[in-house]
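Next up, some structures in structure tokens.
One chain, chain A, links the two complexes that follow: it is found with chain B in the first and with chain C in the second.
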Partner chain A sequence: MTKTFKGRDIISIHDFSREEIEHILKVSKDMIPAARGEKRNLSLEGKILSTIFFEPSTRTRLSFEAAMNRLGGSVVGFSDPEITSLKKGETLADTIRMVESYSDVIVLRHPMEGAAKLAADFTEKPVINAGDGAGQHPTQTLLDLFTIWTEKKDIEDKNVVLLGDLKYGRTVHSLAYALAMFGANLTFVAPEVLQMPKEVVEHVERQGGSYTSTNALEDAIESADVLYVTRIQKERFPDPAEYEKVAGMYRVDNEILTNASKDIIVMHPLPRVTEISPEVDTTEHAIYFKQAFNGVPVRMALLALIFDVVK
Partner chain B sequence: MRVVEGRAFFRGRFEECCIGIENGKITEIKKILKGDERHSFGSNYILPAGIDIHVHFREPGRTHKEDFRSGSAGALCGGVTTIFDMPNNDPSIVDVRTYQEKRRIVGSKANADFGLYVALKENSSTDELSKLGCPFKVYMTGTAAGLGFGEYDRLGEVCEGVGGDRHVGIHCEDKSLVGSGERDLEDFLQVRPNEAEMAAIKRVIKSTDRKIHICHVSAKESIPLLENPRLTSEVTPHHLLLNMNSDLEGFGKTNPPLRTKSDQMAMWEALVSGKIDIIASDHAPHTIEEKEQSFDVAPSGVPGVETSIPVMLAYVKRGNITIERLINAMMERPAEIMGLNKGRIEVGMDADLIAVDMHNVTKIRGDDLHSKCGWTPFENWEGIFPLATFLRGRLVAKDREMQETGKGKLVLGDEKP
Partner chain C sequence: MKEIKVAPIKNGTVIDHIACGMAFKVLKVLGISDGEVDSTVSVLMHVPSKKMGWKDIVKVEDKELEQIEVDKISLVAPEASINIIRNYEVVEKMDVSLPDVAIGILKCGNPNCVTNANEPVETEFTLKSKDPIRLNCKYCDRELDDIVDHII
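What follows is the complex of A and B.
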């Protein structure tokens, strides 16, 4: 069943049904011309979005700001806790109370898991979660889904390989869940110590999703439609030599992509370090910069739905 | 050997395993264990059982509201195996004699493990009291039992007199800032303002260098003061979940009062971030008749020992707090603060366990609870009640019904006074 989007908080991907996500994807597609600046859309003129970022995330913040501006709305906000009153120990409670009187929708990023839910519980204004610690980052998941859907025409039955740090990377947890909900076939490729946690795997199973786990990238990408790469962080390994070995094993370059179908798309939430070789950037496979752009139409769609200016 | 099997919270994460229990203690934790008595919970959670360091079970003296049997049965059915009972009884628990008398009365009735507080007043015989090994309570404002601490100048000396390693919990509201004649919940906040709590905590910090536990923090102005490393603190579920705008009228009257929405949110933030250490229920039952009286005469206090874990687990499910932080706040840290061999699933610890199915969400109803008071401020709220509760390895409650009674032991203080 589709609930109304008007005034709704966007806290977790788990709050949405498949039908609702499909609707968001369709609206996102309609937003592309305006997101590119090819068409004027002033449907949110006079509305103000506040971005309150208790930890920096330039890409997410800029993408929200671009989305609001492309819809004719305005943005207020801060992104550097060092130079604001937060440094003086202002609480989330007081901050939310302040910004709710300045704006019509609040985009929040906070290092504490559960912060977005907490904020949403205490303000009448809609809250959009732009990442809360190890918790949720639903707009990232939506733009990832949108990218697969637009590039591959569908999500159901597509073979999606999730590669890298599957244990700690929150983006891949929400994405795995959402992909399973859409009936994609999942392959988890990671060194054993960084494999997908059991809770996430069970979530996938409960969605009726099919998956396999392996540590061999070469075999996994043979039949893949999508290769989703995440960063493996050095800090996860006590032994630097072990890290180098693992990082080397999973570096995506043109050579390893010769094992894959010519239509495979390579995605990455960015920022990328060394896990994708720059030589891949100029190939047809590289979709990660387009993926980053997709954050704009998807966030425009959410804002338009929340303000009830599209159906 | 008894074996409890499920997905246990062990070394900071959930693992499917078997917990072996002998003589009430956890002796082994392994993937597979054989045992002559087996309790299997499949992939449901096994958590350490709750420890509630702040309850009022009303015995001796006001057993029409609650007694040790009913209170501790509620505790077990709500997943709490250890409680610490407050001293505002009739007679008040203020010296060795009243303590030992209470110990004798409640000892055989306790279904859960327990500790008993003694109230400290300005003229307490601290040398004698320190030998009891019990926890202590200071009321900075008057109580119905006349336990208010008189001369604040004596506060440091008395708290230090009972010994630095004893637990001292303080109800912080400065009596010079507390009034009377309250008409409703909003008015009650004028009568017992945020400043009263903040001023009292400041005074406590100035009065002594020893460690102090701040009971039921409720005002947002108090939070920065809690960063003092000598202080630990608790918040109640009702201060997290309710505010002065609730429609509970006299049923929502409690000390300290339900405050504003903004205070409520600050409590959540402080709890989740760890500035407030633990959750305690401040279970303080009064009968429906007593609470229905006009607001100014209705007694202060709300029940909560049986609902605190269930209602908070429902908030874990909603995504407001992680299960890890909740376990820390309701099991691990209370055990550390009281110095108990409980609160964690580890070899050598007491086998106090609860089994929880996170999908088993039910509506909380006063009629289903064990308290004699017969009501709850969380009527019709969602709760996740434990499937089973184990006290030192014994299955004492199952599906919210008692299985074994009278197995509670004194956990802090002299076993043979």
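What follows is the complex of A and C.
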């Protein structure tokens, strides 16, 4: 059964059942015309959303702001460069209690794991986690699921290849878990040192998910419906030499995509650097810009559900 | 079998049925090596036991354990039994059972966890499995390694 969404915090993808996620996806689909500006929807008129970003993430913040504006609501907030209170040593708990009085819903991004959970302990207002360090980023996971679901009509039994930094990449951990919950077949493609951590694999197994691990992209994409590419981030590596070894290992270009089905979709949470060649952008496979847009209807759906203006 | 050569205590707490070798961890949990107890503590190690084969026993004189200390002991010696002694009599048996939620008795081992950042919250860990004991932080969701080292 689905719990009510009214007033609910959105902290972790683990807080949602499959039925609840399916419901969010359906509502998201209904939001597309309003997300594109083709239809007016003022159901959150008079409501204020605050964006509290303790580290920069322009695209996530813009996506939330667009979603709130598309529903007729307003946005207040601050992001990284303006944060002076943090330097003065104000606790997150105090910041949240201050912000609570200015807004009806709080969107938080913070470098420490568990920050959103803590924030939710200190306010009655709903808190949406927009990323907490190496922890959770549930709205990214939902928009990724929504993209696969709308492009491929279903998630169950789809072959999904997750490629790149599977060790440190936060988005792929939550995504792997959620895809397993939906019964997708997973293939983890990464250099040995960046393979999926044990606890994530355990999570996938507990969901009854099937997966294989490999470092051979050519073979993995042959039967793939979805290729999900992530960036290998230099700053994660203590030793720059280690980074250089793996950085250029995978590059998705039109040549490698000749191994894949003509219907394969290529996804990426963005920003990309060199892991997807620009020549892919103009092919039917490239879905990543559409995926970024999908953040808007998905976040609109969550806001509408939290404020109980849709059922 | 020889009689145990440690006299019964008049007042205090007897922690019996500690898994063999875990007595020192119990002492650590009780803060005995940190000078938090100012009475006699006797430790019996490798004592024959009908139930367990071998066991350890810790006796703390003139101190009755509080629930929070019992909760901490449950993390290192879940099999233990705790008796409160007054005038050589057992007046109370305290239940050592793993709490489903451990609040404020453990520090999260993840340095990037928000509970390690001077926020006004108590740590909270959820029991994921009893044997072996596995606990997850409510905030960062990481599993706690080396439980004994993280008891506050």
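Here, the second predicted complex is superposed on the first by the 295 of 311 C-alpha atoms of A that agree within 3 Å, B and C clash if a C-alpha of one lies under 4 Å from a C-alpha of the other, contacts with A are read in each partner's own complex, and residues count from 1 in each chain.
Heads up, the rule we're going with is that contacts are C-beta pairs under 8 Å (C-beta built on N, C-alpha and C of every residue); 3 or more make two chains touch, one makes a residue touch a chain.
No experiment lies behind these values; they were computed from the predicted model shown.
Annotation for the three-chain superposition on chain A: chain B and chain C clash.
Applying the stated contact rule after C-alpha superposition, one finds that A:33 touches neither chain B nor chain C.
Touch criterion met: A:96 reaches chain B, while chain C stays clear of it.
Judged by the touch definition given at the top, the superposed model places A:118 against both chain B and chain C.
The superposed model built on chain A shows that, among 26-34, 98-106, 152-160 or 242-250, the segment of chain B colliding with chain C is 98-106. Under the contact criterion defined above, the residues of chain A that touch both chain B in one complex and chain C in the other are 12, 91-93, 112-115, 117-118, 121, 135-136, 199. Against chain A, in their complex, chain C makes its touches with residues 110, 112-115, 117-121, 137-143.
If you check the complex, the residues on chain A that touch chain C are 12, 14, 91-93, 110-115, 117-118, 121, 132-136, 199.
Against chain A, in their complex, chain B makes its touches with residues 14, 43, 220, 223-224, 261-262, 264-266, 268-269, 272-273, 318-322. Of all the residues in chain A, the ones that touch chain B in their complex are 11-12, 89, 91-94, 96-97, 112-115, 117-118, 121-122, 135-136, 198-199, 202.
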